[in-house]
Amino acid sequence: MTNRRQFLKGAGAALGAGLVSRSALAALPESPSVDHAGMQVPMEPASGPWYQPVVTLNGWSLPFRMNNGWKEFHLTAEAVEREVSPGMIARLWGYNGQSPGPTIECVEGDRVRIFVTNRLPEHTTIHWHGIFLPAGMDGVGGLNQPQIPPGKTYVYEFELKQSGTFMYHPHADEMVQMAMGMMGSLVVHPKDPEEQKVDRDFCFLMAAYDIEPGTMTARVNTMLDFNLWTWNSRVFPGIDHLVCGLDERVRVRMGNLTMTNHPIHIHGLKFEVACTDGGWVRPEARWPEVTVDIAIGQMRAVEFIADAPGDWAMHCHKSHHTMNAMGHDVPNMIGVDQRGVQQRLARLLPGYMVMGERGMADMGEMVMPLPENTLPMMTGQGQFGPIEMGGMFTVLKVREGQPAGDYTDPGWYRYPEGTVAYEVDTEQLTTNS
Amino acid sequence: MTNRRQFLKGAGAALGAGLVSRSALAALPESPSVDHAGMQVPMEPASGPWYQPVVTLNGWSLPFRMNNGWKEFHLTAEAVEREVSPGMIARLWGYNGQSPGPTIECVEGDRVRIFVTNRLPEHTTIHWHGIFLPAGMDGVGGLNQPQIPPGKTYVYEFELKQSGTFMYHPHADEMVQMAMGMMGSLVVHPKDPEEQKVDRDFCFLMAAYDIEPGTMTARVNTMLDFNLWTWNSRVFPGIDHLVCGLDERVRVRMGNLTMTNHPIHIHGLKFEVACTDGGWVRPEARWPEVTVDIAIGQMRAVEFIADAPGDWAMHCHKSHHTMNAMGHDVPNMIGVDQRGVQQRLARLLPGYMVMGERGMADMGEMVMPLPENTLPMMTGQGQFGPIEMGGMFTVLKVREGQPAGDYTDPGWYRYPEGTVAYEVDTEQLTTNS
Amino acid sequence: MTNRRQFLKGAGAALGAGLVSRSALAALPESPSVDHAGMQVPMEPASGPWYQPVVTLNGWSLPFRMNNGWKEFHLTAEAVEREVSPGMIARLWGYNGQSPGPTIECVEGDRVRIFVTNRLPEHTTIHWHGIFLPAGMDGVGGLNQPQIPPGKTYVYEFELKQSGTFMYHPHADEMVQMAMGMMGSLVVHPKDPEEQKVDRDFCFLMAAYDIEPGTMTARVNTMLDFNLWTWNSRVFPGIDHLVCGLDERVRVRMGNLTMTNHPIHIHGLKFEVACTDGGWVRPEARWPEVTVDIAIGQMRAVEFIADAPGDWAMHCHKSHHTMNAMGHDVPNMIGVDQRGVQQRLARLLPGYMVMGERGMADMGEMVMPLPENTLPMMTGQGQFGPIEMGGMFTVLKVREGQPAGDYTDPGWYRYPEGTVAYEVDTEQLTTNS
């Protein structure tokens, strides 16, 4: 999708080009991994019932193999490095090389067998959030199964009796393991591909991290004061754009595993919640929305017709969640004479500038000396200058003529003449009338 | 509405009584301003299609002019002083003299031209939240348009293809500018005035500020620990009462631009959410509610029949949000002998009393020495004594015989005899039976 | 229900077995109290219209008497001691011996008279949240009635025009009194017992406390950083299990009086919100859910068919809310050599261990020296080992053959052979294939 795009490593040839087998001859299915945050081209199934694949923002779908009527996947829980946005690496825990783990896609009626290998320093489990399955496969360590010790591989087996939007995450040392980034999307497609059909189908999960500027590891005990608000462990401008063709029907599946609600706002388009992690919402019960509040442990799949061309902002509406790491205790300097203050503050908060007497917009333009491995508080460049955002912000690009199934970034929107807010010469107006 | 009511300054005679023109001869439309927090009598349109105007709590609607088929408004972004409640002034940023800015009212099908003059020390833009318009008018600085530099005037032009409940706010240095109070309501009335008709139509926006007692300017970097929870930048007892006639159909349009959800609770009456910022909710999808949770970047218009006479509390149900500025770290003194403690605490938290051994209800009655320019933590007087509230609290007054369209405060409710909770003489009861 | 179960004290013989009268000869009705956190066997009404009683987790329903067509209850507001979970006692304020107070159950059409005696050191009132009643009975001190002074008894009288799920709490020094635990459930049954009928009907309220480890009294000024997230003032493993028979229709009524939303997640089963504190939700407006976000000052009654046998986790999905008291500022030690660090931290945070280099799962198994009167951060034992939870977590036990109306805990689920996630011998697989 982007020039950061690279290839899967470690999966067999049947699963995709450029993949190298680690266990091609073994009974254990592949556990391929990736080492980058590029978006994978949606991968149509090579075996099993057909489905229209989803697009994981800055992510990929886990290959599987059919084995005697079972669809087999292999997840490996392990320490990973995630590029949060160019310029910052976080040391997280995830699956198969990245955090979040790969999206698991299956089909209503599938019998799935999921191998989980634990390469973490402590035990773990996986809970299949929203899936109706036998209690022994539900993944709550101690309650439903023994914990999976380091070094061991466990198997989950269940039949999918439903379709919809789900996720997977540990239910063992849960606060720590989710704060470290362990999670992934789980999509179950309807048996009939015509059912709930859309033209584009995106998905991502929300995670919050507290990584002190200049460090790489999240503080796992933080309850409230996070400083990195991510979609699939990425922040603006590192989050993939959502590319759509004009008048296409689009679905965006979103799940929240942070510690607070995220009201996701999409500009320019009206949407409805079509699916929760409990199932599809009957049409007559849906509400028209431009902002959907997604609680923790909830999935919301919104659907809309992309009927307005342009570059549309899409973001969490909590204004602090569209900022990158910043000090929340910095005093307001608006209207304050700062001679001498800057030096004092710089000693307290190394790497931060005081806020201007005139607001903070300057910071979107300035090149500040930042600590290593952190991101500017407000950043991003659009065709009209600094966008002054961070965190949970990206752009939905709706284009006439975008080929079906093509996710190539089309660049900035070309505005027809006279359709952008414009400056007026007030002197002229005042004297001429 | 109240004895604090004053008049608009600066608008032309065609727009209202007592208005003085600043640019009557210019092509640029008026940008009238007010310097107080009184409620404006709802202003029926002098030109353009007719609509039933909304009532902005502690606010007003921006006059407009028709110009060759366009409805023209003029907003001026600027530093303002807002009386948060009698006894406290906040230095905020707003529009046309106050924070929030004036309500903009228009009609489905209107072509609107909105001039925005920037008198702030930094650049700004305006995003028309929820409005479906050309991408170049959407107001995200850098992405959809150039930033509006200080001193400049920009023009937004769009046609309203929808009716409903919206808001406007900057999308430039957004966290700072919204934390400073820059926002306003935007109501689009249906083309047919009989559609979605109600008898009373109130609106307000929620903003949170962190203003240290004794100071006047908000700390703009605060993410969580705000101390002033406001409706239209006002706190109890400074928030206008909502006055209704018995059995009238009433709408209250509310929007949230703070950093947390606000569950708004209305006593004594059952309501439904009739409209979101995405549009009108079909009747069969509505839920019966007494508390509506409003997420950030969401509007909720609730509707009810005012079928029960009385003084009904209406407030955010987070108990800290019905308090004014207070120290959230003060220890609990219930049951603790405090000899000597008061002095120690007073040194740490000047201006605060320690909490009583018996709870804090005493503080609703006491006259405490407060720092200048702050408000008591719990305050307000009702007909039965101290109400012990602050922040996001006001009273919905339902009265038989209140004339249609009359918003004059009718004073406290006169309870029919025997309809108030009453004391019993337990000695009497115990010995007589 | 459990071996902690004890009996009511202080109520008359007409009201239940083992009850001793304090005021049997007086006109004032009984105000029975309990001194433990055991679940009461659901108590069918001895007089008045019949209803199917609810089951209050770790609680009980307040007995009443019929008096000349009025249903009379007597609440006593007072300081109480609540066992939060075995090993920790909290000094709270509540009603009739415990926090929360007893559940009040009545029937649509009942005329109720509720006596409220204030044995607190400060004044109080009671607001009947969600009930449509005369304004003078609404309970907002100062606004709707005089405050109830210490030592006095007040009477509330109203007729119930609705059925549904409600609560009661003070509206006087509200922030303090709710932070101290003053609240109770209020259920109004439909006049026709066949209406909205279910097989099991559970209820509880959510409260958050900030009790420093080693102390017993909540810090009432805390707004955000609570450390005990409770259901009916209990935390895991002290919360009663919800016991159901296979294929029964089950209702769980939940209310939130904390300072943040709680997304309640039930594993293994799909539910709908059937009732809010505003009334019953029409079936066509309901959404399928596995997680319901409950805002503050909201009640949500969810209903489901218990169609899957097993032990199903039920919890708030905010991962910090399924932990007990912990320090949120403790740094992450994953991957850090801790020699010397433990001693330094122990001085700063007495009673806490540093988190392991390998995660925190070890803490679920360790016996740590804790301060007196506190609870392990992560705790609980299942049949497969430590469950590593705390706070708002319990287990829904669905069993084939559980007799109707029997709430006896059936022990852990017996999994049929081959239905639990299992370990595979990867060496074997790799070499054999």
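Note that the chains are named A, B and C in the order they appear, and that numbering of residues resets to 1 at the start of each chain.
FYI, a residue touches a chain if its C-beta (ideal position, glycine included) is under 8 Å from a C-beta of that chain, and two chains touch if they have at least 3 such contacts.
Here the structure is a predicted model, which means the values were calculated and not measured.
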Degree value of the rotation bringing chain A onto chain C, based on Cα positions, nearest 5: 120
Copies chain C and chain B - interface residue numbers shared by over half, same or different: different
Whole-Å gap separating chain B and chain C, where each centre is the average of the chain's CA atoms: 34
Overlap residues in chain B, where contacts from two or more other chains coincide: 224, 261, 284-285, 293
Chain B partner contacts - residues on chain A that touch it in the complex: 224-225, 260-261, 263, 265, 267-271, 284-291, 293, 308-313, 317-320, 322-323, 326-332, 334-335, 355-362, 364, 378, 380-389, 395, 413, 415, 419-424, 426, 429-433
List of chain C residues in touch with chain B within their complex: 23, 25-28, 79, 91, 115, 117, 120-123, 125, 127, 129-130, 132-148, 152-157, 171-180, 217-224, 259, 261, 273, 276-282, 284-285, 293, 295-298
